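Below: the structure, in structure tokens.
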Amino acid sequence: MHKSRSIRLLVFIVIALAAFFLSNVVDELRVFQGASLSVYIVAIASIVLLTGYSGQISLGHGALMAIGGYSAVLAHNHWKVSIPISFAIAIVSTAFFGSILGWAAARLKGPYLAGTTLALAVGLPSLANQFSVLGGEQGLAFDVGAPPKSLGSDFTQYKWYFWICALAALIIVWITQNILTSRYGRQWRAMRSAPISASLSGIHIGRSKVLAFTISSGIAGLAGAMLVMTLNLVTPSAFPLSLSFAIVTGAVLAGVTNLGGGVIGALVLVAIPDIADLLAGKMGGAEKISANLPGFITSLILIVTVLLLPNGPKLSKLVSHKTK
Amino acid sequence: MRLFSTLLIGLSSGAIYSLMALALVLVWRSTRVVNFAQAGQAIASTYIGYLVISRTDNYWLALPVALVAGALIGALVDVALIRTLNKRVKSGPAAEMAPVIVTLGLLGLIRSTVGMIWGGDLKAYKAPVTNHGFTFGTTTIPFSPYNLLIVITAVIVMAVFSIIFQKTNLGLSLRAAAFQPEIARLAGVRVDLVRTIGWAFAGGAGAVAGVLVTPSNSLSPNSLDLLLVLGFVGAVIGGLESLLGAAIGGVVLGIGLAFILEYVSTSLAFPSAFIVLILVLLIKPSGILGKKGGRGA
Amino acid sequence: QAFSPHYEVGVSASTIKLGITIPLTGSAAPGYNKVPAAMSAYFNYVNDNGGVNGRKISLVVKDDAYLPTLAVAKTNDLVLKDKVFAVVGALGTANNKAVASSVNLGRRGIPSLFINTGYSGFADKAKYPTTYPLLPSYIVEAKIMGQYIKDNYAGKKLGLIYQDDDFGSDAQAGFKAAGVKFDVSVPYASGSQSAASGAAWVGKLKAAGAEVVVVFGVSSATGVALAASAALSYKAQWILGSVGGDATTLKALGVPAAILTGAQGASFLPSPGDATDEYIKQFQDINTKYNAGAVFDNNVLIAMNTAMLTVQALRAAGSNPTRAGLMAALESKGGSFASASFSPILYSSSSHVGYTGYWIGKYNSSGVMLPDGGKYTLYTTDSGAGAVNTVASKRPAMPAKGLPNN
Amino acid sequence: MSLIIENLTVRHGAITAIDSLSFRVNERELAAVIGANGAGKTTLLRTLSGLNEPIGGSVTWHGESILHTKPEDLVRRGILHVSDGKTVIPELSVKENLALGGLWRKDKKDVVVATDEVIDLFPRLGERLTQSADTLSGGERQMLAIGRALISRPKLLLLDEPSLGLAPLIIDQIFQTLDSLRHKLGLTVVLVEQNAMSALGIADTGIIINLGKLVTVGKSNDLKSDPNLRAAYLGY
Amino acid sequence: MSAPLLSINGLGVHFGGLAALSDVDIELNKNEVVGLIGPNGAGKTTLFNALSGLVSCEGNLELEGKSHEWPQPNELVDLGISRTLQGVGLFPDMTVLENVMIGATKFATGGLIRSALGLDIRTEKVLRSLAMDALAKVSCTGIADRKVDSLPYPTTKRIAIARALVSDPKILLLDEPAGGLGAEDIEWMNSFIDVISNRCSILLVEHHMDVVMSVCDRIYVLNFGKLIASGTPEHVRNNPDVIEAYLGSSAGKQ
């Protein structure tokens, strides 16, 4: 146990170094995609924890990301706090909101919870239009500034975003992985598969669920803060229903129960539009066809992937066994 | 008067949510899948209905054609996708989530297919009966023959399917197949067939919803998206297990929204769906007509 | 080895590559999805007639589904992968804001031409150094409408339906600046409009006894309001904002012709149904030949107009166009570009204000909006406290065959 | 006229649960399949009822193959399987669970008769008709499952540990009922039991399997008294 | 005489109009094995459910002589009570060791933050060694890393018992531990119950009469939610009411 934990830390450090090295050799588009990838990884981690472990479904994590995004921006713009602090504030405030939501959610089962969180995803972001401090539909600017001079003059903005996002993602995934392999993760899995047995073993089901919801929300909040940083802007329309769906999809592609798979899920999410565009470009055709072909291909890839690998990629299983 | 007209506005929009909610509950009850593709299936059937209307200018021909098309699409979805999915995922968190993703994917697939065939532009056709509100003396109330048609249809769909579910052998088979397919098989239920019938029913109901709603809404590949969300919320409010619940849930949502829009703020449309839902579920976590779970141990 | 000249990104000896992000799918797509094809149609027309200094223009189209995240990702694609020379005609306030700052258009010196939004802030050159808005701002539009209402409907009860975001708040600011007070204001959340909300709005308007109602919303909201007023026998003088006032779209949304007849509207371009206008005629012609005869509505018109301006900008940038040169040309010569609008473009080295004027007209029974009294009267103003002026409409004559020769 | 199983082999992934198993059960016979946990008894019954696909061998019932046939079709041929564990539909009421047994039958009058017979046999079910099956006690569920199968008027009844969780009195009663149905209706029964003694007590034939292979098959009385078998497989 | 470990007085449970239990009195003393038998649906599991907070009930509960509120399910282990379920109730997608470690939850120390930072090695170690000890008691240490859904049925029953034992209960509630087991495993269960009864008291629900008769010190018999008899195995076995309602004529044979 002890050994595997230190190995895990080591693995994360190696990944970090590799990522940073990689960011220096690939082109800027890839660097930007790397930042998006990190956002997705964090968002998917929040779903893996919530659904894969505690067994609660959420179709509304986009809304939680919105809370994180707005919190980070407000903190950064009004209190002039540094990026790490604004991210921390995003985590804490979203976790706080999540704990309230989780309290309500703990009473709800499967599709009822799905419906409620879905309504949240539709309802919450548009609330931003009601409060002028939130900047309405055109949103609030979120400018984390240019990279420090010390990094050199050819250090681009996107590389800066990528470094911040990748670091945040690595830290949070490391923490999440620790939690998931700790007794908390174990208790959630127990609670998910046999709630009565779990409570007879001394687990307070309600509290456990709320805790999971809270932590998951905090993680989603961070993802939201990261997302708005890459956008330079926070606006309600950055958190559409399709975002909530996308991260759930990423989690399912990852097999839901496994963080290592989350990276693959995120990769797929980032890569699919590119692949679809590429394929659609090859096929060409009339305008109404070419406009819809990417969406068609994306959906098709999704369906086929879930049908072929309903429990996530086999590769991820290997990873999870090794980390145990 | 203000109260009354708000109520009527709520009722007329609620009836529409009810129709979509009914379609969702139909699939849920016969297959235990929350079918996000419902909006897509309904859109595809509605386009087919539109095709009929634009060729023949006959709404009453379009409705049954769309209904049949919707049923066929529903059946096709089951046979082509859901069966395979059920074979491949049996248990675990993936089993709960995979259908969500597959039906979402299907929604995208159908939308883009529709887009490829008919383009993204708005289409419209007229309601079969006037949507000019009933007039008493000089006052016109916000409830029209067209609203009445929708309410009546929702009631008929609900009644017909309630009877099918509760009173007929097919209904019993549907429920058995939905809950425990393997045990249902051992009791002689032709599970595959019965589930496909369930999908066809829901597809037909969704098509009717689509064809009915469109005159007040216009038609585009995305035009039923909002209705899907509100229908789902209505279904959850009603308690997913009951068709009557779906109908009530849709109307409760419609009236709740109408009141919030009228008395609180016209710009709170989306948050209020969430507010209405949360209010209902905090009081009854399994919806208005939902059942409580049985014994655990 | 042969001498090879150095070209700017996106420019080669024979081509100039431009890009656009716009919703082709999703709920914002209807209407706007016609824009890229119409732009390309015009470009192809120009290409077939010699191109721009011998170069053919190509337009790379990306679907952003009207989401800022996608707009940023797709613009990055355009800039980093497709390596376009400039972005042209990108749609939406939030999208353009996110793109300008995240993609860092300013620092990279990438021009974003003729963006399709009326948010007044984009005119701020210091903040958006490479972004060039075209539309008169929503504030300008509201100020002009306000002035018109004061001149023509003094003493009447006034109602306003507006989208409850900055589109609407710009409008409110404009009406306030014009000194117009509404007896009843009905905000609605973007995307929430439905038959039921239409009935609710009309209920409120009726209750307040509004006689003149301004709709400052998107087409679907305008459609819902008009349809509901028809269904509820509510009669008022409607004044429709330019964003939601396209008659073709309103008809597709099921608005009865009867209620649209007599409604008023504001526009900075001639009515797409006005076949007597030389630009409209030319564009319709191109539309028939190069755009498979897509229905010629406001979206197609704006697209072609934008494309025509783009061609002039490219020509003005010289025979070996650079991004900096393009922007310099816009700022120095933009005001002289021929375009269908009656209002000139005000780009200068200090400001990126585009069009500033509107004319007000009335929809006839076939849905064509024609100017009051048969003559286009242009009202102009600014986004600040400036007065609303009436000017005689004047615009550069259309170059022969609609082919820029600047 | 009988159930003939030849060289049947069934796998679960790498595990061979049934390994070239052959035996036959004559009509009207009650055969008890005995074996330790994991011997493959459940797998055998699931294969006979169409829930599992074998990888080899043949099974015929009345001369016709019953392999590769859907369970719901086998039901219509009179082959009813009462599986162990969760074999009722918890979300339906007791009445509806029973009704499922007669849904597909043409002779609706006889369904009514059969239902009454079952309620006579298990009066407890009669008291619980409108209750959801979810709330039944473990034993009551078992009664419901058996009752539903009986309403289908089976020709071949496959029973997986019917005594599991039942009170001794009820076990006696069920075994007696099986015995009488056999004579009255010509029912053939394959009974899987852990409780070797009571099963062999009513069975004609005993089939002992171990790790998926046949150990022996014979008259139950002979098996019961075989001292070697008693020590190794029968556990008493 | 010291107060009984567990004493229930006047227990009643109602489901709608149905009295699943009425006026039931039960006592359990230290190191005692007490059987609870009765026909199907008599209310045995319901009694366990009432005691573990899974159904609401009326009546008094005393633990070691002190009156106590009816506990919530998750409070049970803290009161020194463990329970197995009529099914198996394991966590199917977890390993044997993890299953048993869940049972040891009450011994866990250190909060979320420590776990998040990977500093919970100590408490993990403790839980793990407790779990291994419990597995040793049921002779299952060798399969600690197997997933439980791949195990034979009798083994899963042992794991369930290990999970109940790991919390070091004073009272163990066993619901049909021998159900579905073959002769050999029943024998093992028999002797195992004997062994652990030295460490804790056991309340046992079981339909296998030979198990009940051989391990129990005392037996309560329920029928239609009421106690109809109680006493030593010998006494109960020969009680005509019990024979009539439950055992049937073949009781002697068993």
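Just so it is clear, A, B, C, D and E label the chains in written order, and each chain counts residues from 1 on its own.
Here is the rule we go by: contacts are C-beta pairs under 8 Å (C-beta built on N, C-alpha and C of every residue); 3 or more make two chains touch, one makes a residue touch a chain.
All values derive from a computational prediction rather than experimental measurement.
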- prompt: Going only through chains that touch each other, what is the minimum step count from chain A to chain D?
  reply: 2
- prompt: Relative to chain E, which chain has the most distant C-alpha mean position?
  reply: C
- prompt: For chain A, which other chain has the most distant CA centre?
  reply: D
- prompt: If you average the Cα atoms of chain C and of chain E to get two centres, how far apart are those centres in Å?
  reply: 75
CA centroid of chain B to CA centroid of chain C, Å: 37
Message: For chain B versus chain D, what separation do you get between their C-alpha means, in angstrom?
response: 43
- request: Return the residues of chain E touching two or more other chains; collapse runs of consecutive numbers into ranges.
  value: 45, 52, 54, 85-86, 89, 93
Query: What are the residue numbers in chain A that touch two or more other chains?
result: 126, 129-130, 196, 291-292, 295
Statement: Touching at least 2 other chains, the residues of chain C are 24-25, 29, 33, 164, 189, 191-192
- request: Give every residue of chain A touching chain B within the complex, in rising order.
  value: 51-52, 55, 57, 59, 104, 107-112, 114-116, 118-120, 122-124, 126-127, 129-130, 192, 195-196, 241, 245, 248-249, 251-253, 255-257, 288-289, 291-293, 295-296, 298-300, 302-303, 306-307, 310-312
Interfacial residue positions of chain E with respect to chain A in the complex: 52, 54, 72-78, 82-83, 85, 89-94, 98-99, 101-103, 105-106, 108, 112, 115-118, 120-121, 123-125, 127-128, 163, 167
Task: Mind listing the chain D positions that touch chain B in their complex?
output: 49-51, 70-72, 75-76, 80-83, 86-92, 96, 99-101, 103-104, 132, 134-135, 148, 152
- line: In the complex, chain C touches chain A at residues 24-25, 29, 33, 36-37, 63, 65-69, 72-73, 76-77, 80-81, 93-94, 97-98, 101-102, 104, 107, 119, 121, 164-167, 169, 189-192
- request: Report the residues of chain B in contact with chain C in the complex, numbered from low to high.
  value: 2, 5-6, 9-10, 12-13, 111-112, 115, 119-124, 126, 131-133, 135, 140, 142, 144, 215-218, 220-223, 225-226, 254, 257-258, 261-262, 265-270
